[in-house]
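The letters A, B, C and D name the chains in turn, as written, and every chain counts its residues from 1.
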Amino acid sequence: MKLRLGMIGGGQGAFIGAVHRIASALDSQYDLVAGAFSSNPDTSRATGQALGLAPDRVYGSYQELIEQEKARLAAERVQVISIVTPNHLHFAPAKLALESGFDVVIDKPITFSLAEAQELADVLKATGRHLCLTHTYTGYPMVKEARHLVASGVLGTIRKAYVEYPQGWLSSFAEGSADNKQAAWRTDPARSGIAGAMGDIGTHAFNLLEYVTGLQVEKLCADINVVVPGRQLDDDGAVLLRLSSGASGVLVATQVAAGEENNLRLRVYGDQGGLEWQQADNNTLLVKWLDRPAEIHRTGASYLSAAARHNARVPAGHPEGYLEAFANIYRNFALHLQAEQAGETASPEALDYPSIADGLRGMAFVETVIASGRSDQKWTEFPSI
Amino acid sequence: MKLRLGMIGGGQGAFIGAVHRIASALDSQYDLVAGAFSSNPDTSRATGQALGLAPDRVYGSYQELIEQEKARLAAERVQVISIVTPNHLHFAPAKLALESGFDVVIDKPITFSLAEAQELADVLKATGRHLCLTHTYTGYPMVKEARHLVASGVLGTIRKAYVEYPQGWLSSFAEGSADNKQAAWRTDPARSGIAGAMGDIGTHAFNLLEYVTGLQVEKLCADINVVVPGRQLDDDGAVLLRLSSGASGVLVATQVAAGEENNLRLRVYGDQGGLEWQQADNNTLLVKWLDRPAEIHRTGASYLSAAARHNARVPAGHPEGYLEAFANIYRNFALHLQAEQAGETASPEALDYPSIADGLRGMAFVETVIASGRSDQKWTEFPSI
Amino acid sequence: MKLRLGMIGGGQGAFIGAVHRIASALDSQYDLVAGAFSSNPDTSRATGQALGLAPDRVYGSYQELIEQEKARLAAERVQVISIVTPNHLHFAPAKLALESGFDVVIDKPITFSLAEAQELADVLKATGRHLCLTHTYTGYPMVKEARHLVASGVLGTIRKAYVEYPQGWLSSFAEGSADNKQAAWRTDPARSGIAGAMGDIGTHAFNLLEYVTGLQVEKLCADINVVVPGRQLDDDGAVLLRLSSGASGVLVATQVAAGEENNLRLRVYGDQGGLEWQQADNNTLLVKWLDRPAEIHRTGASYLSAAARHNARVPAGHPEGYLEAFANIYRNFALHLQAEQAGETASPEALDYPSIADGLRGMAFVETVIASGRSDQKWTEFPSI
Amino acid sequence: MKLRLGMIGGGQGAFIGAVHRIASALDSQYDLVAGAFSSNPDTSRATGQALGLAPDRVYGSYQELIEQEKARLAAERVQVISIVTPNHLHFAPAKLALESGFDVVIDKPITFSLAEAQELADVLKATGRHLCLTHTYTGYPMVKEARHLVASGVLGTIRKAYVEYPQGWLSSFAEGSADNKQAAWRTDPARSGIAGAMGDIGTHAFNLLEYVTGLQVEKLCADINVVVPGRQLDDDGAVLLRLSSGASGVLVATQVAAGEENNLRLRVYGDQGGLEWQQADNNTLLVKWLDRPAEIHRTGASYLSAAARHNARVPAGHPEGYLEAFANIYRNFALHLQAEQAGETASPEALDYPSIADGLRGMAFVETVIASGRSDQKWTEFPSI
């Protein structure tokens, strides 16, 4: 049975709301049946109508949605609530939703601050509900394969990890134009938090690196810049990393690399070999060896790990992309919830989606990297979380 | 409002049925509410159950589905029927569905033979219903852009077109193994028709070439081979093409290129420039010029044509793939039907999906290419269709 | 000791003369000491002076060069003569040079016609001298590796071979402009012979295909076109090939693919795997397998065959290119001649350069492909040569 | 007239000596006529013999070479001396050569220490001779084009520069094996100086970045590591950079990226566009723009700058590589010396080769980056040199 889904945020014009809707629909695991799509009731209503929702399930505020859905019959009310608002509006609806008995999907970064994330972790624990955090990139099949290869030990002991996320879309003062809502909130400290690029895309890069390597950042040294005049938050940064087990690395996140799209790219090297993955060619994982030819591992191929195969839908040669990666997160969360409903043990593949732990470390990254950017000391310790 | 969808074929284990389900769900334009998923009633029932369908709308045969759905209330019965069976089971359900007042989606090739396709064209005309043919590859945004650039004239007069579709999955006698249903029916003349590779993937290549260039094949010269011993239908071929307006080209389709996935690739050259697109890098269109740097045109970019922008969902840098291209066909068909329901004129973008004309030319290609393969003459005329 | 080299043709402004000079100099195996660089004595003299040659060794005609060099002391006279004139001026100087006791390097195609090539073969046999034909592309290290892999059998029985050589430089009527000497002679039947594109680049593609696969073309079916109005020779063609051992293939050569450089590309498939090489990425050989990841084989790597290692100069990661490939042909020819001078047996690597056999088959290709282009029959037999 | 060349170092088995010989021979601008190829006279003699040198011009030491060549007639003695020894043996022969009236080519890094480099600069100034430093990578045509594009202003104000040079060849303790001379001296502080990877390849990356951007590093923050147990010098590092004009960047140099060849890669971004070049695809320069398609600029194309065209030899589509880039440095140095001999003004293209200024900044980089690696402070100032 499909899970009944409600959405908070994602009114017409929003980017990520539409992505969440496609991702949840793609595998027919969810039915979007309710929404509070905007703090503007007219926008919310218009969005709900365009989506074909019943008018009485389109709400003017998140509180209204949670309250009224809670009041409905169990067989009818939403089971999962997706929160796709700007960062400053993640915590309150997430807390209320969990406390009202709903499972929750939140877009990243999980909250406005680390303190909020920690409080949310407590709520989650207390309520026993489930939370899924949409760090999209770990949903790609070949990222799963990369993680699998590292864990399998074939690359040897990991020594180096390089991750970069260059974008160019904030090369100009885009927040100055009236019609660029995306730029406006993402560069606004009141809505984004203390970090701009580091919160928006640095957290993705950080999450990808830790997910694939299985290592943790232990200290870091950041050069954080506001490049575009007039901008309030960082739009650029580079970070030296010291990782657990003696490895080290570099993280780059910038939104002023003019002409770049979203070329997230990860390279990891052990003493026996290395691997390289980039979003622009997401169905390929390059695997490199000390003394023999590099290999091209491909989504959908028969030789891949169970994790990689589980997260693909079509045979090799039919390219999957960003929406499928996003859908994998939704699908695995659904499989977890459905297993629980059925009283079954969820498979390792079902449990493989980003959650509160990723959210806590992501917020710790935001706070540590910004602190390091302001420091004259080379290294800043990463908190134990 | 979503369109209510019924499906014929696509029982568990089938490849293309699952693809049609994802493609129709992705944009929340269709609700799959009924199905005759298999000629085996148990398989049909199990599939319907896994998909969460109401048991009374899972049928044991296509006739049953069409009859019983037709008997339901207008507000409840399916509006569109997708036919995703092997080739020999396209015509009869399509004809019955159209004559029973349903619109139809058919997987390619449209029918078992050209004669069937011509009869279906007559039925379509007589009933006034609509038909959509899922030639996936013309659904890619950068294929739309390619067609737009050719039509705009910036490449000058088109002189050459090369299209190739190399696969390796039939390099061995796969139809000999009990569990390879895909190989079994696709190499069986009783289910596929007179052509193997040429029907299965040659028609895609042919359709892509004609779609992008706006030209038509006028005569051809084919080398058609059965490479793998014991196989009953062609698994390999190469075709010289003479196109309208004096252009010429080459079409290659093979299923014995060991190690190849589905690397469909098209190159077109005019007297001022050329273009190159390949499925393995589907979000890129290379545009080449006589005397200045080649350009990399990308899905989602602001400089693209209306056609390319309409068929993408996310900004540049978020890769879209095969399922999105497939979904574009479903979505445009839905937009067409919805416009008609609303008494509005459908936009050019909504009308841009493969239909009966593509089906007729595709079947003519199959028959002409096989005839040429058997001929000692160099050139075989392509029928005027 | 370096070999003393004389050159016929290659006056200032010529393209291929400069390439031969670099290729012969690169490995310090030859000293260019004499030349008849042009039929215009002033041009010849000016070229010789610019190259720092002694004035008395710059000649006004090839006859003069051969006669006077022959008259010099053995320790002083040229040992090898490179002929880099247009096609119609290959045979006479080559014949005279061989008959006068010199070894010869000739640019491809070997002669103006197959009859000339056959006569040259007789002269070569009669004189016992040596001849080297500069089919550049078989000099690339990864082409050597490709040939080695096919011969080793790891790809299984070869079934398919595709070779293509698209260029765009003759997209316009370049021969109409006064300063395009290259276009002028290459499109002139009096200087090029009966073929344009097929002689100029088709022969390269043909040679590459036969060299790598070890198979021979047995019959072919050609579509030969003159695309640019006013042109006298073919500038475009596509050829279906039947190869020995039951394999088949396609050869494309065109000079009107606007925006293309010299993207020679070869793909070969056996029943166990395939390979792909292209000049634009000449240091990479892709090796593909039925059921495991494709591999990236790279120039200079330790795992390569002796043939590939012999034809590279620097470790992997230092890209080598066209001039090095060309130099490999000169170098191997020098190693052969030096071994003979020393009374030693030349190594297999030294003997691995194109020679008279390649020239004969190349001219047979030219004549067969043009004949097929004019024929209404599908298949034209390739002569046994 | 060719320049007479002598070589110090580069005995059989050395890597870079052979490269210098090919690079100097390729354009027929130099004649190698003398050498002191090894401190072992037998090795020196054997090398000279293999190269076909006159026995009386093969010397047992650099002092002998310089003294005896100086004593020869002006028309006979070497004019340029190439020093291709390990780093600790650069300064003394260079100084003696300059003071003896010879022009000098030195492999990078210019000397063992910054102090030596400064003294060499004084000698150079005092003697009025010429010095050329073989920072290979700035010899590539498309690197010239990159520098030209930045200088032309089309990319706007430069904001970011990323350069990386990942290698894998020192992933193991290669210096422990008796037959790896390259690894032995490059990891030995007595021969390499205070830096390993940073001196060997970090200086190349640094030089490339400053050359293309026209900016200077003003301060830096380095993470310098010895990854392989037992190694004496750094084999890995990452450096945050603050550049003149407010730009910033990252430099990565590592020799423990298992499976990497020499993938030197540079990206530069201005406020209007960016560019990307990598050695693995050295004939391509990607040029990216804020709002229009990225462009592929190619070696040999007609639209390139004079600088890029001057440094290529063949039309677009004939790949040039590492040896040609190296040869460009030798050729431009020759053109400079020849212009001076002829009493003419050298062209800007002839003067465009790395020299003492690059050497001084390179050694300053080595000392600053190692100091920063040892510091707890974030930023270390780069000396004004």
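Structural remarks
The rule is simple: contacts are C-beta pairs under 8 Å (C-beta built on N, C-alpha and C of every residue); 3 or more make two chains touch, one makes a residue touch a chain.
Owing to the predicted nature of the structure, the values given are computational and were not obtained by experimental measurement.
Common neighbours of chain A and chain B, listed by label, are C, D. Homomeric contact chain C/chain D is classed as same-residue, with over half of its interface positions used by both copies.
Comparing mean CA positions across the assembly, the chain most remote from chain A is C. Each chain gets a centre from the mean of its Cα atoms; for chain B and chain C, those two points are 43 Å apart. Centroids built from CA atoms put chain D at 34 Å from chain C. Taking each chain's centre as the average of its CA atoms, chain B and chain D sit 55 Å apart. Of all residues in chain D, those touching 2 or more other chains are 260, 287, 294, 298, listed in ascending order. Of all the residues in chain D, the ones that touch chain B in their complex are 286-287, 291-298, 301-303. If you check the complex, the residues on chain A that touch chain D are 155-156, 159-160, 162, 164, 166, 168, 171-172, 221, 223, 225, 227, 236, 238, 240, 242, 248-250, 252, 254, 256-260, 267, 269-274, 288-290, 294, 375-379. The residues of chain B lying in touch with chain A in their complex are 1-2, 15, 18-19, 21-22, 25-28, 32, 51-52, 167, 169, 260-263, 279-283, 298, 300, 313-324.
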